[in-house]
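By letter and in written order, the chains are A, B, C, D, E, F, G and H; residue numbering begins at 1 in each of them.
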Amino acid sequence: EFATLDHHRSLRHRMGEVVYGEGKTAAQCVAIAERLAATGTPVLVTRLDAERSAALRQHFPEGRENRSARTFIANAPAVKGSSSGEPFVAIIAAGTSDLAVAEEAAEVCVASETAFERICDVGVAGLHRLLHKIPEIQQASALVVVAGMEGALPSVVAGLVGRPLFAVPTSVGYGASFGGLAALLAMLNSCAPGVTVANIDNGFSAAYAACNVAHL
Amino acid sequence: EFATLDHHRSLRHRMGEVVYGEGKTAAQCVAIAERLAATGTPVLVTRLDAERSAALRQHFPEGRENRSARTFIANAPAVKGSSSGEPFVAIIAAGTSDLAVAEEAAEVCVASETAFERICDVGVAGLHRLLHKIPEIQQASALVVVAGMEGALPSVVAGLVGRPLFAVPTSVGYGASFGGLAALLAMLNSCAPGVTVANIDNGFSAAYAACNVAHL
Amino acid sequence: EFATLDHHRSLRHRMGEVVYGEGKTAAQCVAIAERLAATGTPVLVTRLDAERSAALRQHFPEGRENRSARTFIANAPAVKGSSSGEPFVAIIAAGTSDLAVAEEAAEVCVASETAFERICDVGVAGLHRLLHKIPEIQQASALVVVAGMEGALPSVVAGLVGRPLFAVPTSVGYGASFGGLAALLAMLNSCAPGVTVANIDNGFSAAYAACNVAHL
Amino acid sequence: EFATLDHHRSLRHRMGEVVYGEGKTAAQCVAIAERLAATGTPVLVTRLDAERSAALRQHFPEGRENRSARTFIANAPAVKGSSSGEPFVAIIAAGTSDLAVAEEAAEVCVASETAFERICDVGVAGLHRLLHKIPEIQQASALVVVAGMEGALPSVVAGLVGRPLFAVPTSVGYGASFGGLAALLAMLNSCAPGVTVANIDNGFSAAYAACNVAHL
Amino acid sequence: EFATLDHHRSLRHRMGEVVYGEGKTAAQCVAIAERLAATGTPVLVTRLDAERSAALRQHFPEGRENRSARTFIANAPAVKGSSSGEPFVAIIAAGTSDLAVAEEAAEVCVASETAFERICDVGVAGLHRLLHKIPEIQQASALVVVAGMEGALPSVVAGLVGRPLFAVPTSVGYGASFGGLAALLAMLNSCAPGVTVANIDNGFSAAYAACNVAHL
Amino acid sequence: EFATLDHHRSLRHRMGEVVYGEGKTAAQCVAIAERLAATGTPVLVTRLDAERSAALRQHFPEGRENRSARTFIANAPAVKGSSSGEPFVAIIAAGTSDLAVAEEAAEVCVASETAFERICDVGVAGLHRLLHKIPEIQQASALVVVAGMEGALPSVVAGLVGRPLFAVPTSVGYGASFGGLAALLAMLNSCAPGVTVANIDNGFSAAYAACNVAHL
Amino acid sequence: EFATLDHHRSLRHRMGEVVYGEGKTAAQCVAIAERLAATGTPVLVTRLDAERSAALRQHFPEGRENRSARTFIANAPAVKGSSSGEPFVAIIAAGTSDLAVAEEAAEVCVASETAFERICDVGVAGLHRLLHKIPEIQQASALVVVAGMEGALPSVVAGLVGRPLFAVPTSVGYGASFGGLAALLAMLNSCAPGVTVANIDNGFSAAYAACNVAHL
Amino acid sequence: EFATLDHHRSLRHRMGEVVYGEGKTAAQCVAIAERLAATGTPVLVTRLDAERSAALRQHFPEGRENRSARTFIANAPAVKGSSSGEPFVAIIAAGTSDLAVAEEAAEVCVASETAFERICDVGVAGLHRLLHKIPEIQQASALVVVAGMEGALPSVVAGLVGRPLFAVPTSVGYGASFGGLAALLAMLNSCAPGVTVANIDNGFSAAYAACNVAHL
């Protein structure tokens, strides 16, 4: 046995368990969430379609549903913003179309009781929008930067703010974006040191990393 | 017959002919260049290795050799900068490693008697470097923007300057840049409207387009 | 602050703003368009499905709707052809199936008050069709060349006409066209100098570049 | 046993056997060629480097060596051109850099005693070069069309001449040609019906098909 | 003018015109077919969905509809098999799922008044099925070989029968067939000389080439 | 602790340890091999260049060196063929160029004291060569089938012989073989059930699996 | 004739025939299954949608339907577990979402009268789940290991258990899993020797191989 | 002006500047390093070949050269291990061949005065090696996990230790590893939440991120 492992304790302590909703029936989602929620810890369920989400809402009428993020949280903690005085995660999104991924990231913050702030529609083709937000972004403990198309935002942000930065490419774009591949490759090739990258559209995993850092 | 076509006249008038040096022997390069140069027009030879370049230098001792650009110009016109008062092309390069491609672009300007200015090492991870150059860039008639790695520079420049912009991805970068593919896809997916893209490392073709516009 | 930037003024002066319709609700499209249209400038909305397009039509009964192009223009200027005597953009499409992309390009011309002419169904497998149009094409100030399948049209046109040429690959074709990749690669590898390329199906961006040139 | 098969007899009758030189030692090449040549039929060896080619030349001093094509023919038949009055294959190449592949195709014609004619440097960016050759091409029984970069030549030729046409993409080009992939995909997506395609740089196989047709 | 070109005369003489149905409205399909059919020549329309096909059937009640092939022929000639004594095309398909592509090839034969024979379900994993058919296949003038999955059938057939062979990869297969890419690459890499390849699922083009050869 | 695991015992019992030679210095290779060989068990070292191989030969003058396979075996057991009466592995290779990979597979048999037989140059384009070998192949306990280019051989063999079959694609081929990708995809898409596939050129791993089966 | 081949006899003896349901009509599925089932041997039909499955159920009311696996077995043998005392196959799946592929593998065991055991939800990110099962897995004769996402499970299992192991990548995962490509490549590159790989989602073929081994 | 930005202050404070050595001449490397080193801060130069490294060594005889990592540090701080009592980074490498990338990561720790520990040769195919190291790894503040081939190590480590984990795929592997693509995709698809990924072979960037976290 190797039972003394900490198993993400620092973060899981706050967030409880996570259920990946895709490929499970509504009944399975409810059953698993019920079991995990019994102890009162938050339970985050991700990748939910309308039907599964409704089933959870019916079972946990107090739960927190976010249809844009496609998530549900049972035993949802209160939301905390940057004004809470706690270390917070800045979730920065390039365009309107990247919002769903940013929202998924936000719900991870909620579930793990991490303060966070959203900063949206600050794509690199209109740089002044981003520059006005830099002072705010510099207060954050960790950054989740979400962008589709050419995926340039993380490089620019990392050049301006020295915080741990987790980049998320989105599948937004058409033609030669090839389902997010263009943004993914761009982020992996960032000329700004220290940028690391999550899977396409995986706001969950990048936020998980950022919250982990914010709680250090 | 369809003999009245203009065949790039506006630009070729100035530039004369272009010889693609790769895959030709040194003797062939010299022979072709000699024939084309007979009328006194500039003759640009591109993609030259050391041996072929030396053969041209020996044959055209007055010629203009640029080893970084891997080009040679017989009957080379005088170089004109932005201070010439003529419409000029701005050649903007993200990093030191992109210089060879920028140099190839510069030689196209020389051969076509187009004024031009180089603006280098202004990658997006250190934005202040670029922002200081914006007033100068805004004076240009057309832009060639060269970048490797994540290829983000054209998007940022196009958001700041309303000039025709021709982007050139370079094969600079390692691992998941896949020989310039990352930068190429990024540029094709630019969220800044009007950015169009040349082949990887093809400074020649982008500069050809830019000079064409500068002479309109 | 870096407030003196021109921000695409030459072109935007005429075109006003552009709204990317995809990923926005009908209500958002209408609200954004309404705000931008208030000053009387043209407002182009792209990538509209039937529902969003209908919402705009209802709100702007005078607006210009193009279902093939999937666009809508509020405060639409009058259409100007090559007979207007103004510098014009030639929009050249290889086949019937490329028409939707050519139409999107056309609407950019309308919105930016740029004269334009359509030249369609002139694919390279029946060359006489194209050759008959060359005299007309030579009058244009800039070219948008749209083609799917093997994407050969830009190379042939660029060899015949010395105008700035912006190529648009389309996703038309099946099997090994891989959603437009074949045409995209072909255009990037054009042996005709000065051909630059927009994203797959992105008639918008190529026309934006061409209109920019036509207004120089 | 299924012994009555003809095994490419129509073509092999003339050509004898073919040896793929790559991955064999010089000694193996000589030994195999010697055995096959014993009966006096032509023996074509392909993909030869300088050392292997020299070994064959030394052993078969009467043989036909083509270093550009990287081939050797023992018991080489006389070369026959289109003026021989026999059905002939036209080998059409877009650029100087495609010549090695065209030469390999030519040697297949020699080895199979098929008349042939070379038509070179007729790329689509200078269409008049090709159009002048069309009357000659129309006399051919079958066509091998070789092109790199955007690979557009087969589509244009097939639109002008109704002969069986075998296209060969070459690895000529740089950056986004991806070793011939761009030309390969273009040819597979030809909008001209009846164009079929050989492997990248495989002049051998396309010429084999064309000679097969010429001897029908 | 270059008006003396033959434009595929040998084949078109028999087949009349071909209309690519995809991306055209039912009304357009009917209108174009009607115009072309006026002279009594066969008119083949390909890539038809149910609605467009029904529109043609209603307009040309005597026409020949093949829903599996997704084709329609107005002024359809009589079908001719190998027993007609004329040179014929053998259409060989590996599996049941490749039948639609084989059927499209067959309709090209019908429309061009070319005799043909179908040989199906002879995949390489059960070789005896193919070997029994070899004597019949050897009588053909040209072969169309259709296969999905690993695309091995053309190599095996070309090794047994010395006829011009046109290979068609199909998109049949799952997972790592990547929409026919596996079969396409296999066929392009055939170790049997003279195998040339059409686009994925493009039975039309391969049959066009085969009929062209059969009529030599 | 989970100390009771068998760790490939059945096979390792015979073969001892394996050292992957690539990326290790000659000194490291010798040192590791020496330590492992101390107990007298066979030690197989793979992926050796000339220098490393020579170092091992000098240190283990009794060792078994195979330069084609790029392997070395210290404490090498005697070679056993199919006539040994033991269960044996048949190593089947399509072409001469696949021999190096087949040889690597053979050395795995030697090192693991597994009887084996080589059957080479039986590519699918000349089927009779393979069919003559089928009775011999049917005696084997497991098959390693090595092929490059279109990678069709495993499908054909698996259709004729009901033995566990491990396919190895090789990087042999040019152009669109893309370094063995064509053969890899073909084998993964085999229409013969039960074919499983090793990495490109990985004769080691396929033979390891086959020997494992032969010793059951 | 080469009639003495064994044609997978060892396995087929038990399993009878297999019908690939995709691309066949319900009527065809029933007709083929009926013919094959007449002798009483088990008949496995794979890749069934709801409609085709229902048709089979209606025709063979005693048959065994597995909707998760999308299979049907006529003349289904009794299921045998590891407690049967016979050699058995262990089917190991990483996550809930991989279950459908694991179920297809299970039905192959049923149809071939091979004992088997399922071991599920043992992904590598929670290693203790797998380690608890190792003693059970070590009893198996052959392993089918099914995993999506990063496809790491086969490497870990192969390092712990010395049994023939057949890996199946699944298309589970999103973004950069590219339909199972990530898991496929991971498994092909396994650093554990002897891991061989089936096509994406192809539980059928891997289980076929495993059952073949179990019956040796 | 936006002059108050922190520019990675927390980390740069310690590390000083970084020079990317590739594509710079030896003279340029020395000149840049000299200028940056003047203030006494550490200067890290990466991606050095032997010649450039020697030039630096000659100029900075006190400097720290690491040929395996291909780095040089002028004004190198003392190395600190985990026994220093400071927060440390654990650098975990799967195999011997991944060591160069791990060494580059280590030098980043040195240059930034971050304590670190190396844990090597703990690939997933021999799990006990990793499990013995878990207690040590759990003491680290952040993890850099380096692996080639199937890239499975980060998933397994992340499942055992709840620390911020930065994964680096390496180009180690052959055939279908496609230069590190297999490991890259595996890591991006990790089923362990919070794993983020650096470019192929980019130990620098992952370590930069990890040091950034260690200094929080």
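Everything that follows uses one rule, which is that a residue touches a chain if its C-beta (ideal position, glycine included) is under 8 Å from a C-beta of that chain, and two chains touch if they have at least 3 such contacts.
Remember, it's a predicted structure, so these values are computed and weren't measured experimentally.
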| item | value |
| --- | --- |
| Far-end chain from chain B, centres as C-alpha averages | G |
| Repeat of the D-F interface, chosen from B-H, B-C or G-H (over half of contact pairs identical by residue number) | B-H |
| Copies chain E and chain G touch via same or different residues, half shared test | different |
| Rigid-body rotation angle, chain H and chain B, from Cα fit (steps of 5°) | 90 |
| CA centroid of chain A to CA centroid of chain D, Å | 57 |
| Geometric centre distance via CA averages, chain F-chain B, whole Å | 51 |
| Where chain C and chain E are represented by their mean Cα positions, the distance between them in whole Å | 36 |
| Multi-partner residues of chain B (each touching 2 or more other chains) | 2, 159-160, 175-177, 181, 184, 188-190, 199-200 |
| Pairs of chains in contact (touch as defined earlier), listed by label | A-B, A-C, A-G, A-H, B-C, B-D, B-H, C-D, C-E, D-E, D-F, E-F, E-G, F-G, F-H, G-H |
| Residues of chain A touching chain C in the complex | 96-97, 128, 172, 174-177 |
| Chain E partner contacts - residues on chain D that touch it in the complex | 2, 4-12, 18, 131, 134-135, 138, 141, 159-167, 184, 188-190, 193-200, 204-206, 208-209, 212-213, 216 |
| Chain F - residues contacting chain E, complex | 94-95, 123-127, 149-152, 155-156, 158-160, 173, 175-178, 181-183, 185-192 |
| In the complex with chain H, residue positions of chain F that touch it | 2, 20, 22-24, 28, 169, 171, 179-181, 184, 199-202 |
